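Sharing a structure here in structure tokens format.
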Amino acid sequence: MALTKEQIAQRIAKELKDGYYVNLGIGIPTLVANYIPEGIKVILQSENGLLGMGPFPVAGKESADLINAGKQTITTLPGSSIFDSAMSFGMIRAGKVNLTVLGAMEVSENGDIASWKIPGKMVKGMGGAMDLVASAKNIIVAMMHTNRQGESKLLPACTLPLTGIKCIKKIVTELAVLEVTENGFKLLERAPGVTTEEIISKTAGKLIVEREIPEMQF
Amino acid sequence: MALTKEQIAQRIAKELKDGYYVNLGIGIPTLVANYIPEGIKVILQSENGLLGMGPFPVAGKESADLINAGKQTITTLPGSSIFDSAMSFGMIRAGKVNLTVLGAMEVSENGDIASWKIPGKMVKGMGGAMDLVASAKNIIVAMMHTNRQGESKLLPACTLPLTGIKCIKKIVTELAVLEVTENGFKLLERAPGVTTEEIISKTAGKLIVEREIPEMQF
Amino acid sequence: MNKIYKNADEAVADIKDGAVLMLGGFGLCGIPENCIAALVKSGPKNLTCISNNAGVDDFGIGLLLQQKQLKKMIASYVGENAEFERQLLSGELEVELIPQGTLATRCMASGYGMPAIYTPAGVGTEVAVGKESRIFNDKEYLLEYAFDADFAIVKAWRGDADGNLVYKDTARNFNPLMAMAGKITIAEVEELVPSGEIDPNQVHTPGIYVHRIFQGKNYEKRIEQLTLTK
Amino acid sequence: MNKIYKNADEAVADIKDGAVLMLGGFGLCGIPENCIAALVKSGPKNLTCISNNAGVDDFGIGLLLQQKQLKKMIASYVGENAEFERQLLSGELEVELIPQGTLATRCMASGYGMPAIYTPAGVGTEVAVGKESRIFNDKEYLLEYAFDADFAIVKAWRGDADGNLVYKDTARNFNPLMAMAGKITIAEVEELVPSGEIDPNQVHTPGIYVHRIFQGKNYEKRIEQLTLTK
């Protein structure tokens, strides 16, 4: 059965390691914070200028001066630090952030990503996504395998304006975990109950299926 | 009579204006702080990371953590701010410092300055001087008119390695106040009792004497 | 030396048609509310506005959009503003979208006297079109120029008579960068204190960068996405 | 995650012959005294040292010079050190003198992931020899590259278990810049406090840049030029 958004986040959380500095994008990536494995410390970076992002505040404790990059009210934690946007993207550009998780409209088999614009339809802007994908060493995309029209979002080449090129390393969808390799998407894991055939049928880009594909473990 | 070092500083202090941010180099320039005209506020920048440098501390109040660019113990003032060396040179480079006063070994008639090295004899380094002269809009050199051998330090061209080119706007020596113009040194003022002839004889670079030269007023 | 202005009206009085403005803030967090209100009142037109976002329909830069005071918007994300989208699609408003880190660093470059910087953000995308690029250590970077703004308008939590500023929490964001980058920098603060009350070690923006400062009033500090732990 | 080290000996134990080090401080102000002492003890040779100054004969980096542990010194001003001058003139020590602002900005560039920066400092001087230059807005600038250091060793006033650092007064100087620039950054602090004791708004160096931190001891904090008001 296809994963819920929460399960996608839960699966991505398994990639976290102790001491990681992590930037989580808006949407499913934000949910990853709810599944940080026991016993490890992960520090969340919010690109509007915060390291050590805490949970949403309880009612009455919210502050207009303390938000995340999704403009949601949040909190700090012991050990948090605040800085300006230049330093924030400075540490991103310098590769100090260990993992970036973000959403996408399309990913191509060579690791290109499109996520910020649908010509003639939607113009929201790239925000910090272009900076993040241009510099992060380790980028995981969290997205649905297909769009609302049922078309694959894992393509031979992106059709929408790009956010970055050859940068995505891993993709987690409701159906599968895939690695972006030099030869295309490599299928690593299936969602419980999802068949390899279904994943093949919903992946338009080149898909490598090397062996019996295991089911995801949570 | 030739000016004392204190008088050179005193004359330079007359160039200060209310609200000026000023960087004073080591030596005579440092003394300028003692002669800030009544009724105006001048903020001293020390390039090791301080705006609003105060006087030397009284005995017992000195701190190893609070020094100026000459490594002297100093104090802060109400309104002071501390920052790192990149921001310090950032504000210098951006032209936010209104006036820089520094010493020199040689100045040429086109405004070049040499101040940091005597090949084979002395290698101390340029410190922040190259940054200051490359960016400051308004630079006054405070120096003796001649060196220890009695040779002019105001030259057609510098003989020592340069600190910066075409950057010096004004020179105050123990004998004269001179402006650097497109056509050479222009004599503006004589020290009290010093003759125009003496200044001419001690200036190797092209000297423009357009009119009766007034004595400096203090 | 007096940097203290009475209020926003006085501080923005000489901002005329066609000026290039930087406006601090991220979303509605840390925006110069008083100055925006004063600009709506004084009414300069054909403004170029450099700001990370464009406000919402009825607050922040959205208020300037309502009055059609903007000719051009330079921002990284403009997704919360229907009037913005309308003006953009109708061609009334010129828009340049640039990566957020590029926006921030082009402000900093200006304040640090660096004419241009190199960043990999946007390489291979439409952001790179027409831009010079260069390889350093096998990685491609774009050359991006420092901004040149007539006025930078920022909001701080506290400020003193020397123009030193301290920001609070993530309301810092672009404010210190833009404060460094204006030919004239105007700072509105929630609390204006006498010089000496701010620890020199805790100053975020040194006063040398700030030309005008005033104590703001009636801060609304609207929350865009109130999100609570249940 | 544990960034806390027992002491300087443990923190610098893996610094080997030939390493490129950054050392914070301006003159003797804000230098990592404990780490320098530990390096004298552990004895790596052929070090390249990037630091604004070279200490004095019997303190600071001067101690490493005495032990002939340095192959190369990159600094802006080295005027207070006779042993330095002797090694330089005898050719034992390679020296690269660069403008102070260039030194600072090349550190910052490294911490901000910018491969190179443009600065006018040194244009027309021997500093410009062999360097690429470029005109922006009628002014000439030199292209200067970000530093690439194996270890950055800095001294802060306070630090916490997450590696956040706060500096005191002008002991800040190059420390935050170098802290950002090391592949591995080692911070010694006068006071190591639990996370949560430092206000997030007052952190000068965010912990993401700091890999090792320890509480230093026996700080001498020597004053180079004691100058008093009579």
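Per-chain numbering from 1; labels A, B, C and D assigned in written order.
Assume a contact is a pair of C-beta atoms (placed from the backbone, for glycine too) under 8 Å apart; a residue touches a chain by one contact, two chains touch by 3 or more.
Bear in mind the structure is a predicted one, so any value in this text is a computation, not a measurement.
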Chain-contact steps, minimal, separating subunit D from subunit C: 1
Chain whose average C-alpha position is farthest from subunit D's own: A
Distance from subunit D to subunit A - Cα centre to Cα centre, in angstrom: 36
Mean-CA-position distance for subunit B and subunit A (Å): 56
Intercentroid distance (Cα basis), subunit C paired with subunit A, Å: 28
Residue list for subunit C, restricted to those that touch at least two other chains: 105, 112-114, 119-120, 168-169, 172, 200-201
For subunit A, residues that touch 2 or more chains besides their own: 50, 76, 82-83, 86, 89-90, 92-93, 135
Contacting chain pairs - touch in the sense defined above: A-C, A-D, B-C, B-D, C-D
Subunit C to subunit A touching residues, read off their complex: 26-30, 52, 75-80, 85, 88, 95, 97-105, 107-108, 119-127, 157, 168-177, 204, 221-229
Complex contacts: residues of subunit C adjacent to subunit B: 1, 110-114, 160-162, 164, 180, 194-196, 200-201, 203, 206-209
Contact set on subunit A toward subunit C in their complex: 46-50, 55-59, 62-74, 76, 82-86, 88-90, 92-93, 112, 123-131, 134-135, 161-166
For the subunit D and subunit C complex, residues of the former touching the latter: 105, 112-120, 136-137, 139, 141, 145, 166-169, 172, 200-202
Residues on subunit A engaged by subunit D in the complex (per definition of touch): 18-19, 21, 40-41, 43, 45, 50-52, 76-83, 86-87, 89-97, 135
